[in-house]
Each structure stands twice: as C-alpha cells, then as structure tokens.
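Okay, so chain A shows up in both of these, paired with chain B first and chain C after.
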Partner chain A sequence: MRRKTNWGQMLASYGVVLALAALILFGSLRYENFLGSFNILSVLRYNSMFALISLGMCFVIMTGGIDLSVGSVAALGSVVAAYASPYGLLPGLAAGVAAGMLAGTLNGLIITRLKIMPFITTLAMMLAASGTALLLARNQSVAVSYATAFTELGQGNLLGLPVPALIGAFAYLVGSVVLNLTSSGRAVLAIGGSEDASRMMGLPVERITFLVYLASGGLAGLAGVILAAQFGAGQPIEGVGWELFAIAAVVVGGTLLTGGAGSVVTTLAGVLLLGVVFNILNFENGKGWISLSAYWQSVIRGLFLLAVVLLQAHLTHRVAGGPTVADTTDSLQP
Partner chain B sequence: MSSPVLSMQSINKTFGGIAALTDASLQVEPGEIHALIGQNGAGKSTLIKVLTGYHQRTSGEVTFEGRAFEAASPRAAQEAGISTIYQEINLVPQRSVAENICLGREMRRFGLLDWPGMRAEARRLLARFKLSIDVDQPLSQLSTATQQMVAIARAVGFSARLVIMDEPTSSLDDREAQVLFTVIRGLKAEGISVLFVSHKLDELYQVCDRVTIMRDGRTVQVSRIDETDKLTLVSTMLGRDVARTEGRTTGFGAPSRAPGEIVLRANGLSDGRHVRRVDLEMAEGEIVGLTGLLGSGRSETARLIFGDTQTLSGTMSVAARPYHPSQPADAIRAGMGFCTEDRKIEGIVPDMSVADNMMLALRPTLGRSGIVDEARYRQIVTHFIAALGIKCTGPSQKIRELSGGNQQKVLLARWLAMSPRLLILDEPTRGIDVGAKDEIQRLIRSLANDGLAVLMISSELEEVVEGADRVFVLREGLSVADLPRDGLTEAAVLSAMAHGVGHD
Partner chain C sequence: MRWHTVSGMTDRSGVSLLLARYGTALALVVLLAFNFAVTPNFATWQTLNVNLTQVSTIVIVAVGMTLVIATGGIDLSVGSLMAISGALAPMIFLGNLVGIGGIPVAVAVAMFVAVAATTLLGAFNGWLIARYRIQPIVATLVLYIAGRGIAQVMTNGNLQVFKLPEFQWIGLSRPFGIPAQVIVMLFIVTLAAWMLARTNFGRQLLAIGGNERAARLSGIATGRIKIAVYAISGALAGLAGLVVIAINSASDANLVGMGMELDAIAAVAVGGTLLSGGRATIIGTLLGALVIQLVRYTLLANGVPDAAALVCKAAIIIGAVWLQERGRTA
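The block that comes next holds the complex of A and B.
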C-alpha cells in the first residue's frame, strides 16, 4: 500500500500552526517582553473566553451550520452569573452555563424540529438573548460579588496558570476526545459532509445537530461566566462581534465553512493566532514608531481571514481536481 | 431451485389516487444477479423504494429470507440486510474510506473509538474484493469507481444479503465497469444477491443471470438473460410489438417541401463520457429524429451542439462554416434554439408572466441602450400568443397557471422569437396531454415546412417514426444508425437501439 503525503492538504490543515509559530518567533525577536510570563499569561487569560465560544462554533460549523448567537448568549451568561455570584463560585458558574444551555436548547430545537435555517434561528436568538440580558441587567453592568470565590474563575491562578486558561484547555481536551474518539464526533463530521448520506447511513442526524447547538450555547454561557468574573461585572452590552471572531478563528483554523472537515486543535491555534496578532499590534504601538488604532487591527485581522480562506479555496480546488481516474484505478486492479 | 431470498408479489402503490405500481412482482434468488429494467416511469424506482422502506406499499406481499418483510425506513432495510447503492453515491466525500465504511457501526474500546480496529476492518472488507487502497484517504480523492467499491464494502460490512445497485455504471468508464463487474461476481460467489438496474443492455448480458422487465408500473416479463435476445428486451421494455402494423397516431403529417441546404453537420462528437462518437446531419426544413434508449447520450449530444457542454473531440459546422460553441450564447448567435427536456427545471420561470417567459432570450437584443422597447415587446408577445394558439388569459398571466402543452408553446415561442434556423427540442411532448400533443406535433411540422431545421429528441417511438424525416439512433454514446424517411419503421428503430445497424 502506498501512502502519499498530500502536502497541499497538510498545509491547508496545519498551516495555521505554522503561521502561529512564525508570528510568535517574530514577536519574540522584535519585542523584549513578548515571551515574558506576564504577557503570555495575560494573552491566555484574555483569549480563553474567545477560545470557548470558538470551540462551540467549531462543532456547529463542522455540521454545516452556524451559531450567530454566541456573543449575546455570552453577555446573557455574564449577567446571570453576576446575579448568582453572591451564592458562591459553583452557583455562579452553574447559572451562567445553564442560561447558555437554555439558549442552545432553543436553537437546537428550532433548527431540528421546526427546520428553520441555523442562520435565521441563531440570528433571532442573538437578538433575543441580547434583549434578555439588557432587561435582566436593567441596561447597566451588574457588579459581581467579591465576597465569594466567584471572581477566581476569571482572575485566579492555579499552579501558576490562569484559571480561565485552564478551563479553556480542559474544554479543548474534552472537545478533541469527543471529535476524534467517539461515534458522535464522527457523526458531526459526517452530517456536515452530507446530511442526506448520513441519514441514509442511519446516523441520528437530528440528535447530533441538537447536541451541537446545546454545546455551543453552554460554552458561550461559560465564556460569559469568565467574562463576569474577569471584569468584575455582568456585561449586557459585551459580546458584540464575538460570533464573527469565533467564525474567523474556526475558519483560520482550517475548518471548512461548508462543514464535513475540521479540527479542534487547529481551531485553538486559530484563536491564538488572532489573539497574538492583536498582541503584536499592541507591542508595535508601544514601540511608538507607528500608531495603529483598534480599527486598523480589525482591518489586519480581516486580511488574515481573507488570506486563509483564499488559500483554503485554492488548496481544496487542487485536491478536488487532483487525482484523476487513472491515478486511482491502478490500485483497483482485480 | 432453493427458496428465493426476496419475493415481492402483487405490489400496488398509488400516489394520491394515481397508480405507480399495479400488481408488480419481483423475485431474486440467493446468489443471483438480477437485472431490473424499464423505461422512465416504468416503476423500477418506486418498486425499489417500496422495498427499502422509502415508500410504504398500498398492498402486496414481500418476503425477505423467508419471512414477511416490511421496512419502516431505509435504515431498517439496511439493518435487515438490504443495502442500496444509489447513482449518487450515498457516502460522505470529506471523510476517510475507513470512516465511510464503519460509520453507524463503529468499533469501540474502553468506550472510545478503536481507530486501528476500524482501519483493519475496512482493509479486510476491501481485501475481499482484492482492493488495496489507503483507508485513511478522504473518499473525495478516489475515482467514482473506487467510491462505489467503498459503498459496496460498506454494504457487505453491514452483512447485506441483497445489494441493490441503481445504474452503478452510469458514471464509469469501460475499465472501471469491468472492475465493478468483477466485484459483483465476487458478491455472487459469497451467496449475496444483487439487484442490478441499468439501461446498458450489453452489461446485463455480461453479469446478470435473470431479468425482470417493467412497463407502466407492471412486471411484464421475467426470463433468463441468456435466453432473451436484445430485440425482445427493447421491444418488451417499450411495449412495442415488432411486427405491429403501422397506423398514424401523431399529428405531424407529411412534409410539404424537400430538405434544403445542410444546416448542421457534426462528425465524431464526443464529450469523453456519455457521448463517444456521434455523427449528425440536418438540413433546412427537415425534422431530424434523435433517439436511443435512456442513457444512450441523446440529451448530452444536444447539449454539446448547443455549447452547454464542451466537446472533447469531433467537429461541427453550421451552414458549411466551422462552429465551435463554448457557451450557449455562441449557439444562439449561430441561430439555434433549445427547448430542454425538463420544462420545470430548465425552461420556465414559474412565477413570471407568459410575456416575460417568452421574451427571456430575446430581451437583450430588444433594448436600445438598456431600455426595453415596450411597444415592440408587446407586439411580439401578442403575435406569438395568437400564432401558436397559446391559451392564457393574457400576456401577464403567470406561466405556472398554464397547462403543460401551453407552457411548451411559450417555450417554443421564446426561441421562435429569435428567428432561429435550427431548433433543438428535447422530448417536446413529454407530460403533455394527448390533444395538446397532437397540436404541438402539427406545429413542429409547420415550422419545418417554413424552413426551420428541427432536431427532435424523443423516446416515444411513434413520434420519431411518424414525425421525423431522418432518424439518427444512438446506442451507448455511439451513432449506430442513420435511417432515411423511406422505409422508416418502428422495427428498424428498435433493432438499431438493440443491436446497432440492421439486424445483425
């Protein structure tokens, strides 16, 4: 049996890791404190929220769907968690996650039972969750309780590492195991690849689709909990544009927007890549030679996204047009 | 003979009062390769869908492996041992070969997926067909033939006792088809039965043991394939008695003029797939019939001529000048029009008016600097509504409210408004009631009498035999006969469809 290494595909899948490594190398050579533990830990702490919603988004996109509600669900989660924070760390955590899972349940039911397109369903949920968050918070930030350990979820350290980063790492570990080592995980990819074929193969299409939106909602709620704990308040107006960050991270991570192929690990690399770009621009501003506003940072992130999507499209085309009948039939000789 | 693995008896199926199957039957023996053939709409697909639980039968008996059988869903049929491999392969292209084979019955160790075990299982199944492919490769990187092998391996992995293959060779080349046949014979050797649906008669003789022929929702013949000649297969399938006496049943009538200058000449056309070597010649004022069994490349030939697909080899000329269309706009410029086979999908825009539908192709030429000349527009539309006798409440009626015959006339008008010299009509009277059919046929003849060259593709024999002035018969992508109007009989066309030229 021949085993051809397909470099094009490898690059499409793992290019993001290379790009991340290159950026880190660049940063470490150019800026003195770039690899200092303070910088590393604060990048990890700040980006853990984005990592969580991107993980949920990754699963949703792998089924061929989309979840536009993650940002406002996170905002809702942060408000609910802030209200529950006086009762302690666990109640605050549970309340925020539960609020997210409720939104995810509604998304999942509407998409699988009422057969409404994910784009529309989650767009509606985005508006509804945002409105609910504002109503609950009476249009202002909700201070969290510092009397309990709740804020540890955002500000604390464990074994010298930021707690939110550890939560994120744990979530990615679980996500990776689910995707690669359970039949549900393979079903996620199969459904995204071809829903009809999956149904003909007898896979539980509706159940898996529902679970994916439930998970995305729950992770968004968890991101909201960390948001509240990190900044000391439930933030009903935060989360605007988070869904786009998550989609960008997932796509940069090499997951196909059309579903059917993707990876948890490279999604994490995508999150870190976008986070490090932001970090480097801050350092660059600090050097004082140039002064890039936050708007320019958005433009640069956008260019990154476009470059990756173009590269993906190019490589996928090459792969699709690659082997001809003649290439594969020689392995077919009876 | 041992007891059959599958027996379907007196199967009836109606859709909203319309019978799709009437007393249909099918019996497959263990380890038998059984062919199921019939024209479009003969009921093959419905029968298969009843068996696989896609449709529920209205009445009838089904036994599978000796027990009464009723599948509630395709999944239930699969679990019971009936696997179907569809034309459009039902696998997930982005996932690996191993995953596609094992999805839905994954192997586990300690609760997690056992990847090494699944890869080994996939290799083992493929090895049964002497196939050695990298099971970690995404399916999309394999050829269609190999993908089909993977689908078969999956079916066998599910311990299928009966594998249904719906036109498995339609997208395979000869060599790939041979590999598939080897695999099918391998299944037979293991005692697995195969139900083989195909329009390619030669293939049936290569692999099948027996054949069931369906027509109009009924089973009309079951016989051993080696005891049935091709002419019998074709005539039974089409419901034509070869010795039948002729009598006019169509509205064409005789031509009132002799064919004029040659309008189109095509030599050795090929698209590398469905059309392999087609020669055609059409003259002014001539109705040229293009016929053949389903899958013989009729519509594909029309698409090549119209520039909708590209020729791989071969040459064409229009009015003695070289003609290389790279898109339909080139064909339209050369004076061609094309009424496609499927009115609903490729012809009409249902929610637009009769007038707008009629003027879709012409409109770009009507405007002056982008502004449509309304007066001329209305004048053309009214002219054609009257000339073709289109029954509608007015030019602004939505076309979807019209009958099939009148919709077809609007499409004809769309092209006639361009004053073409060559019109391609793919199944011009399909799905049109009898009275309107006659009218359309008369219209086609009068257009030809006015000098238009008409290429008429039809699977209805009488339409071709009575309507055409010259008939080209295709068989598996090859021109096999060029029959002149004199002595044109159904028997001659049937024989060409089955064997090629003459009665060899």
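The block that comes next holds the complex of A and C.
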C-alpha cells in the first residue's frame, strides 16, 4: 500500500523538525548563551541516553509493538556496567549492553514463541529488570570505578564532542541505514503494516520481531552504560518513566503507533524537541522574568505531545483520506 | 485470526480451558493453602485486613481499567489522576485554595471537587479518543506526563500534611472491623460487575471492544460510551487518590499513584480480561489483584526481599496470560 505523498503528510512527518528549528530559533534570539557550545554540548550529552532508548522504541513501534521495559532495563544495564567498570572501559560497556540484550532476548522470545502481547510481555520485563537491578545492587547505587577509562563513556569528549552524543549519533546512523537500505529494515515496516500479509509474503516475521526487541534491549543497556558513566554510579531506581518519554518522543517524531511507517531522523528530532523544551525552561528561569518550577516541564511536555497528536490526527484525517487511526485500533494486539 | 482451533490438542483442551478460566481463582486457593501451612500468624483477622487494605486502591483503579480495556483501550493516566485528586483535596479542606467554613462541609466539597476534576480529565481522555480517534495509549499518555506535573505545580511539589478524622475515615476507619476502603472497594466491584453483566451500557462497551465498527453500525453511540468509560476510570482513580492520602495522613504529588497504571493493568491481565477488548471480568480483576498482592505478601512474610517479589510478579503476569492464551487456542 503506497502512501500518497502530499503536503499534509509531509507536515505530519517533518513538522517536528520545523518545530525544533522554531524552538531553537526562539531560544537563540531570546537567550544569550543558548547557542553557546557549552549549552549545546550539555544538552546533547544529557539527552543521548533518551535518544538511544527512543531509537530502539522507534523500531519496536514500527513493527506495531511496544517496549515498556526500556527504562528499567537501562537501570539494570547501569548497575551491571558499574560492577564491570573496574575491568575497564570495554568490559563495562560490553557487560551493560549484554544485560540489556539478555532482557531483549527474553522479550523477543516471549513475544514470538509464547505469543504474548508486547504490551504485557514488556510490562512484566519492566518489573523483572527492575527487581533484578535492585537485587544485584542491594537496593543502593553502585559506584563506578574511576581508576579505568569507563567514565569517559559518559563524561569524556572526543574531537570536542561529548562521547555519549557520538555514540548516539553512530547508533542513529546505523539505525537509519538499517531501516532505509536493508531488507530487514523494509521488513520491519512491512510487519508493522500487516503482519499477516508479511507472513504470506514469506518474510521472516518472527525473526525480525525478535531482532527488534533484542536491539531495543541492547540500546537500553547502552543507555544504562552511559547513565552509569555520566553520573558515576549504577542506579537501580533510575529509569522510571523513561519508556513513556521514549514513546512520546517517537510519537512527536511522527511515527504512528499503529506501526508500518516511521522515521529514525524525526524520532531524533522528537527527542531533541522534548529536551530543548526543558532547556529553554531553564534559561527562562535564569532570566528571572518568570519563575517556573521544574514541575512545569512535564506539563509543557504533555501539552506538546497533545498538540502534536491533535495535529497528526487532523492531518491524517483530512488530508490522507486513507485508513484512519481508529480503523487500526488493534495495534496493541499480538 | 490468530487463535485457530488446533486439532490434536483437543484431548488437552479440557485442562487448558479450565486453567484459563479458573486459573486465577485456583492460584489464589493454592496461595492461601500455602500460607495457612507455612506463613506464621497467617490465619488472623489482622493479616486479612493488611492485605485487603493494601490491595483496595489497586482494585478500585483496576475496576476502571477493566472497563477501559473491555472497550479495547488502555488508560495510562490513572496514577497521575490520583496525584491530582490527592493534591487538590487537601488544598481545599486545609483552606489553602478557598476558605470554606465548617470542616465537614469543606471535606465534602474537597472530596467532591477532587473526584469531579479527575472525572472531567478522564472524560477529556475519552474525548480525545472518540473525537479525534487518537489511540488510547497515546491519548492517555498526555495526561500521564502532564497530570503529575499539574499536581506538582499546584502544590509546588510540597508535602501537604494533615490530621483530619472527618476526611481520613475513608482510609483509616473500620466500621464493623472492616477497613472503610475495603467496603468502598467491594461496593465498587459489585456495582461494576452488575453493570457489566446486566446493563445496556455494559453490553455496549463490550460490543465496542469486540468489534468497534460493527458496534457503530448497529447503532451504538460508540463515542459517548467511550467518553463515559474513561470518565469512570478517571473518577475511580480520583477516589483511589483520596484513599491513599487518607491512609498516609499526607499528600505528596511526587509519589501518590506512582506506577499505579501498571499495577492496575497487571491485575486486569492476571484476572483474565481479554486485553484486546470485547471480554472482561470484574471479579477476575479482583482475584488478579488479590493474587499479585498475596504473592508479594507471601514472599515478604517469608523473608524474600521486595525486589525478588518484583521478579515473581513478572513471572506471574506472563504465566497467567500464557495460560489464558492457551485456553483460547484449545
């Protein structure tokens, strides 16, 4: 089923990039140091964790699934990475990612073998990963080793750019190539479009679905590694609500939750949009004209999500004229 | 489409079906038997009260969640709505928002306004879903994110502490030795079970979950029913928020209702309600919540750390849903 390209669709897909550009323009005109390298680099450094989990979430959602476990898997990854950090940068990195991939493997197996809905499977994994992280860490945060180069993964710079941002950029590059240039990427979209049709066409539905959850778990583990490296500790209770932040970023990025369509680049724009909102709030408070508490950030993020979702609904109804969101309400089904 | 009848499984279908249908009740019986045998001091009135008290807010919210899921939807905003009602009520009866003469009047107004507010917000969820055809998970995500922020902004993130028997009866009093919130819970469960089974509204919301287009074509006002269902979910979340702050003698917008959406969904799933809509059981949800609660209690009472209980909870959710799926395939 080919979607007609038209302006409404374009706006629905790339509106987030425009919104991000507008927000950055607003910030740069209003605040002196907004475009200063310190601010840009710290925004990138901090949001790289969210960018990684949102990338995995984007792929999962494109297959018509959902991964609620990313936040607590990241917490688990951070704890495991912190324990492995005395052995060096690479062992720490590998251990955190492996923990995430293990969770992703379980998710993928339960979803494809036991045929349990992604929503429920990953909800259970969210609890299990959180419990495992707490057990491993004995309910405390686990200090990372500063004797090795491990903390460089979160705090270091390479060529003047924050290491976590580079990791994030690399992941998005790979993600974009996989989605747009490989048969697996096309299969992801096909499965999200219609799982039954994909199966009849002979696509390896189970394998692709499994790989998508594996990737999401691995990326969440990687986010956990960065979390541990950036804040100097593995944090078993961190990551609460991350999954919903990632879903919001993906939705703001224009990827439909019904699956079958999506973009890696606009997901990144969605992450940055939500991050820049917070950043602008900080600057606004710094100006002293108004004093908005940090609590406003979630209100404003929620309103942003609402605006984007209403815009999407408006555009897809009026302009596309094709299947509406409501006609595919079975997105949560296996 | 998925659940074809598989020949060759017919001989096992009896067992699978039984497990799928009565698995939750069976699990509850097994858990009770285990505890009677192993856990010290289990067979006491106090143990019963502790467990029922702890489970009641989850059940109250999960009843609303069951109705929402029966229509094929989901409501992620319940925890945040609890925070809003939990923030709003003390602001009114402590006189921080408006001065109202007379404590009983202030409490009544506070409780009414708090629940009315979350009902309206629930209706807003439903309106987004019905009017703009936004997927429930996204539509309710808006208030999940913004709702807690609203509660935090209202209270500036501060703890509101109070000691007010006129209000706290809903969480602390024990008429006939039974905690008040347990009575509220049982009343809501009974009412909802009756409504789902016996009223037009109940049948219509199940029809929407079964096949929305068919329901619309057969003349059901799908939009209005959906708005009503999400409003009910909002109202019950608001009520649960009041119970929580009454028990705690304090309201913390950062914490009230945190993670409640997942507890409620887990109870519904373990209880045997079809998560894609069209079939639902309120009693099952009650049993599901009781099983999850009792597992946690059993582990804690026998010295297993809370974190391990989380892992067990995860296994139970997967196991329960898997059994139900098998029952359906058989």
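By definition in this document, the second predicted complex is superposed on the first by the 314 of 334 C-alpha atoms of A that agree within 3 Å, B and C clash if a C-alpha of one lies under 4 Å from a C-alpha of the other, contacts with A are read in each partner's own complex, and residues count from 1 in each chain.
We adopt the following convention: contacts are C-beta pairs under 8 Å (C-beta built on N, C-alpha and C of every residue); 3 or more make two chains touch, one makes a residue touch a chain.
Every value quoted in this text rests on a predicted model; they were computed, and no experiment measured them.
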| item | value |
| --- | --- |
| Superposition-derived comparison: chain B or chain C, residues of chain A touched | C |
| First (chain B), second (chain C), both or neither touched by A:Ile247 | second |
| Partner chain in contact with A:Ala187 - chain B first, chain C second, else both or neither | first |
| Touching partner for A:Val177 - first (chain B), second (chain C), both, neither | first |
| Partner chain(s) touched by A:Asp196 [first = chain B, second = chain C, both, neither] | both |
| Which superposed partner A:Ser78 touches (first chain B, second chain C, both, neither) | neither |
| First (chain B), second (chain C), both or neither touched by A:Leu127 | second |
| First (chain B), second (chain C), both or neither touched by A:Gly260 | first |
| Where chain A meets both chain C and chain B, residue numbers | 196, 324-325, 327, 329, 331-334 |
| Sites on chain B touched by chain A in the complex | 74-75, 78-79, 86, 90-95, 99, 103-104, 106, 108, 112-113, 115, 129-134, 136, 138, 140-146, 149, 173, 175-176, 179, 182-183 |
| Footprint of chain C on chain A - complex, ascending | 66, 68, 110, 114-117, 119-121, 123-128, 130-135, 139, 196, 240, 244-245, 247-248, 251, 257-258, 293, 295-303, 305-306, 309-310, 313-314, 317, 324-327, 329-334 |
| Partner chain A, residues of chain C touching it in the complex | 1-2, 72, 74, 76, 128, 132-135, 137-139, 141-150, 152-153, 156-157, 212-213, 258-259, 262, 265-266, 269, 275-276, 305-311, 313-315, 317-318, 321-322, 325 |
| Of chain A, residues touching chain B in the complex | 1-4, 6, 177, 180-183, 185-187, 189-190, 192-194, 196-203, 256, 260-261, 319-320, 322-325, 327-329, 331-334 |
